[in-house]
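Here subunit A shows up in two complexes: once beside subunit B, once beside subunit C.
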Partner chain A sequence: MESAENAENAEVLVKPPTLTASDRLAAKKRFRTQRRLSTMKNKVLRNAQWATLKKRSERLLFHFIGKKEGQKQRKKEAEALGDKAPPKQIPRTIENTREADITTVDRDDEEVTFDITHDEYESYFSKTYVPKILITSSDNPHSKTIHFIRELTKIFPSSECQWRKRSSVKKMIQSAKEKDYTDVVVINEDRRVPNGMLVSHLPDGPTAYFKISNVKLTKDMKYKNIIKEFTTHRPEVILNNFQTRLGQAVSRMLASLFHYDPQFKGRRAVTFHNQRDYIFFRHHRYEFKSQKRAALRELGPRFTLRLKWLQKGTFDTIEGDYEWIIAGKRHEMETSRRRFFL
Partner chain B sequence: MLPFLQVTNVAFSRFGNSGVRLKSLADNNLKFQMPCCSVVGTGLIMSSTQDFNVYVGAETGLFKGVSFNDHQTITKNLNSLQSLDRQQEITCMAWGNDEESEILMGLRSQKVKIYDTEFKGFSGCVETPFGKGPLRGVGKFNDSIITASESGDVKLWKFKASQQIEFHALTAGESLSCMRVSPYNKNIVGTGGKKNDLQLWDMENAQHPVFKAKNVKNDFLDMPVPVWVSDFAFVPNSEQVVSSSRHGHVRLYDPKSRGRRPVISCIPEADEAWTCISIASRSNQVLVGSGKGRMLLYDFRQQKVVHAYRGFTGSIRQIVCHPTKPLVVSVGLDRFIRLHHLDRQTPLHKAYLKSRLNVVLMRRDFGVLGDQDVDLDEEIVDTEKDTLWNTMEVIKDRTFTETEDILDKEVDATPTKNNGSSRKKRKTVP
Partner chain C sequence: MENDDIVWSIINKSFCSYKVNTKTQRFCRNEYNLTGLCNRSACPLANSQYATVREEDGNCFLYMKTVERSGFPRNMWEKVKLSKSLEKALRQINEYLVYWPGFTRQKCKQRLLKISQYLIRMRKLRLRRQKKLVPIQRKQDRRERRREEKALVAARLDSAIEKELLERLKRGTYGDIYNFPQVAFNKALEEEEDAEVNMEGDDYGEDEENEGEEPDEDIDEELEKELEEESENEEIEYVEADSDLERELESESDLEDIEPKASNSVKDNTRRKPRLEIEYETETLSKNPKRTV
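This part shows the complex of A and B:
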């Protein structure tokens, strides 16, 4: 399919249409504007100019066919052919050419399902306890991190935020166990911005460290005063595209931070979407306009997570056992652009 | 020729996977899909049909048999999922006898399951409640089972209650990590744990340890060096023991030597917590595996890392090396079992086993193609060329002593600044 498309474009490129004198003049003028594109210092204007160029269907000099024009043409041809039309072309993406992973979870496999259901989160998924989360940060957090932590306390139901006050993680975990917390979340800060999240499940559960990027706080969201739309209803948790065994472990860990019984009345949804090993967090309020369509309003913070390591047992980076770690092994593990671990 | 082909065909069909296309021998386009076919006679080592050469214990309680062959790896669950829960986790495993026909498995719930490899089924389950915590060591000692729990309580279970021997191995420290019965020295049993250094016990007189290791000297800050023996192994044909520590140390102890301190104590690689150790088939070399997925071949005599191995994504729980062949099987939390050759970085084979793996055992008759030692220093003996050189006449036979004399004369002639003789002339000031 790829080669066919190329062949089509090649055909177009090889045979330029016949030109009149006025056409040539117009083309020259346009070419002169093209050259100016690289000298345009203003990125906004430069991008706008490029967009207009792309949309144009001229094939002269620039030998370029606009993407939209191409689509329109193909649609016309398909309609004209009717039943005999060639099948719709599927674009090749990195996701659909992803390297096959042997650890991809197949829910029909009895042993894999057994392994998943009998892991450390068995008690959470059998609804025996309500999670109680302790959220803290590194020492001396700045405003962005403080706001972020406060928003996280609104996202996770039954969570508390406390200042770090120079306590070590191991001691913190020990005292949290005594006070019946079920999870500890530590937000690390670097250069005045949250950059890491450590999640530790308490009664000897697994510990994971994520890198946080692209944090967008509620006050910086599109709608003003969106914070007023926050409710205390327990949200629904949506976990997308966690395919491998490691992905399942991570998704269960993230799911266990929320109450197992969501309040659908609140129409609040929290999404962890995994794509190419990046986990995107979004927080929406939805309203069904019809049977199929739902209107969404994005509330709350937006951030991206990337797993750095997953350790069996509570926090013990030096002496503990890791279930998955990529630090120091990137050359060995990142062998191809189409290989993902979650 | 025909019988040769027949043998191969039979061998492959046992696993129901005959990739050999048998054509007439006269056919020049005869191609075997199996790359090893040309060396079939020695390449395929199968003692009997459907035999597993490696046994693995998983965290879910599953006991698996793995058969590494030249062309494929076959795995099978030897017990079913129905009766399993977290308390059935296999925490330690050992051979029950020298013929390797019996396997003892220690569980988290302080039971010992016995598997018969010839009969291919479980032959028993013994309740061995003594102490607290999961079983950290199991073994067979004079036809009786010996177990050690995490709280340090070791017990030899015999029929008569009066004959049972029990002792508390955790004289100091938090928990026991490992207990092993020595295959080379009679009656010796070793234990080691967190903040509890290596101890060797004589089962006939188990009140006091025969050998109790002493910690190395305090470090440069005069602080005691922390101890956490994660695993240890008995060196064959000697009384020595090698141990690995989660604080990064790899140590060699010799009970016969004067002093209880380790003969050699070193850190192969900084900031790695060694979780397992195994004696390699080459002298003075051991294999260590870490919690971050590093596996190294370490030489005690040279005190340096000889080789590092690739392919791991998670912690390595146990390593087994063949006693004579350069093959290593390793098992870990990333749910893979890997077979490495001692000289190659990438694994020869690996298999995904779906559950976190704790323990592994390897048969003595284990073998795959390419298991021979790759000796890089070996001289290629070419007899033809040798005879050619030997027939050529010798021009002059230069003796070493002649040249030695010449060099000495040269040295005496030239006066040097740091001449030995000038130093000797200098008198020491009282």
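This part shows the complex of A and C:
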């Protein structure tokens, strides 16, 4: 008896050391019995059961072992073991298990980098010209689109907005070429909200059509009157995570909309971050608090882009040469959940 | 002719397969109906003498039905092609329906007018740009939205942007704008020390002295004094030549954190990363001690 008691006491004193499989099972069991607790209609019995449960498992009350507690335990163990600690387990993510793409750009491969750098944007990246952008919309834009376009004109330096007066895109591109524009951006609208963006690089450059979603305008941002923080300094462009050739092409296209020489004094950063084929656009003002930390304040609109097609020449949906298109080919292209194109 | 009334009494009261009843109106779905409504005068079944105008592929035709042919359902309707110009077509109608009741004539002309108007509109629209209506596939749409949310969470944008910016700072793309004392320099120093422990180099690189260069401008005199004092203390530990002492002064003045100890002796010129090439001027070295005095 005594020994039993002692054993019990010993049990109570000793904290559950590691979370083995049996521990987890026990926790699950407890959880299940507790589930049954909620179905007991008799209050007296229910309370009694609750009391025993509480007594038995002080830490494992409601759920089986919580994530954070597990993490802490593992960390402690690793520290305790020191060198002999088992290697840190890396969780499996979609990015980890992404299907390998043949066209992934390998920075070291000279041929590939040569190809990339000598595409239609070569003249931009060799700083021979300053981009001049024409932004339009579809016919009869509504207020949200109008605001969006106005904000875009503030973001892209040297951009002009003109309202579409029932002209066709091809004609527009012609006249823009004559007026020395280098890029044309057309925002398409559906149901009173901008939903598509056509970017066309002018002297016979590639054309891309993106689907826009989740547009958040400056006036809807967290900080009030953030519009006052907009300056006319040329922002710097951050392009994250464009891995394949197609991704590189798209990123160069987006980068070429901005001036090649950013004014770092303005501390404005424009980001195009690609994650699983969604390109997130953000516009921040940054400040370096120290060498290890930078504070960001979000200005400006935010939206997400998704590439729908990329064409070699200027806009020509009928006879154009599509480099990549997913519109009618979903079953061919989306073969697996781990396959991404950018 | 006599059956007209009988037919109408039956159709009207009981069932007609072409009749469509709505709250306010009765419509006739018969393709030969002139007005489209279900009336005694407009019903093609209840009138043995009847005429309509119909359009086919952009051409208007006048259809006529007479009593004589009412026994031959196959040849009942006479089809006449009307001219493409509205004026001529109207005259044609007048000509063909010359002794016909006024109602039919009037309605035929009105119908022709309406048809020609909509044909003109169709032709105009065809020339303009049409908005292409793309149907939304609900499942796809929902899936895309959800995946976008998940991607946003996975992206952890703020930290990614911050990282990129810090990396740019480290790389030195911002040049001299930021006042962090020798960011790249410090980094390289740390890396150096790691690499060094194994090495034995005899070159007291010029770089060592160069290191001392930059902090001069940033540091106040008082600070310098303090630093010098500290460095002086450290000097005691070293058993090195005098020339090294001076260099140490410079190097230590700004780099309190770094443990120079053994490292000083072993700075190898060749191991230096190219980006740390700073110009060295001997003169300023000598200036320093004078300043503190």
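Throughout what follows, the second predicted complex is superposed on the first by the 279 of 342 C-alpha atoms of A that agree within 3 Å, B and C clash if a C-alpha of one lies under 4 Å from a C-alpha of the other, contacts with A are read in each partner's own complex, and residues count from 1 in each chain.
The rule is short, and it goes like this: contacts are C-beta pairs under 8 Å (C-beta built on N, C-alpha and C of every residue); 3 or more make two chains touch, one makes a residue touch a chain.
No experiment lies behind these values; they were computed from the predicted model shown.
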{"item": "Simultaneous placement of subunit C and subunit B on subunit A, clash or fit", "value": "fit"}
{"item": "Touching partner for A:Ser290 - first (subunit B), second (subunit C), both, neither", "value": "second"}
{"item": "Partner chain(s) touched by A:Arg306 [first = subunit B, second = subunit C, both, neither]", "value": "second"}
{"item": "Which superposed partner A:Gln275 touches (first subunit B, second subunit C, both, neither)", "value": "second"}
{"item": "Partner chain(s) touched by A:Ser213 [first = subunit B, second = subunit C, both, neither]", "value": "second"}
{"item": "Which superposed partner A:Glu79 touches (first subunit B, second subunit C, both, neither)", "value": "neither"}
{"item": "Which partner reaches more residues of subunit A (counting touched residues only), subunit B or subunit C", "value": "C"}
{"item": "Touched partner set for A:Asp106, first subunit B, second subunit C, both or neither", "value": "neither"}
{"item": "Partner chain in contact with A:Thr93 - subunit B first, subunit C second, else both or neither", "value": "second"}
{"item": "Lowest inter-chain C-alpha distance for subunit C and subunit B in the superposed arrangement, angstrom", "value": "8"}
{"item": "Footprint overlap on subunit A, comparing subunit B with subunit C", "value": "none"}
{"item": "Residue numbers on subunit A that touch subunit C, as the complex places them", "value": "93-95, 166, 168, 213-214, 238, 240-241, 264-265, 269, 271, 273, 275-278, 280, 282, 284, 286, 288, 290-294, 296, 304, 306, 330"}
{"item": "Subunit B residues within the subunit A interface of the complex", "value": "60, 62, 77, 81, 84-86, 228, 246-247, 271, 273, 275, 291-293, 310-311, 313-315, 317, 333-335, 352, 354-356"}
{"item": "Subunit C - residues contacting subunit A, complex", "value": "128-129, 140, 144-145, 147-148, 150-152, 154-155, 157-158, 160-162, 164-166, 169-170, 173-175, 177-178, 180, 183, 186"}
{"item": "Subunit B partner contacts - residues on subunit A that touch it in the complex", "value": "102-103, 109-112, 114-115, 118, 122, 245, 312, 318-326, 328-329, 332-333"}
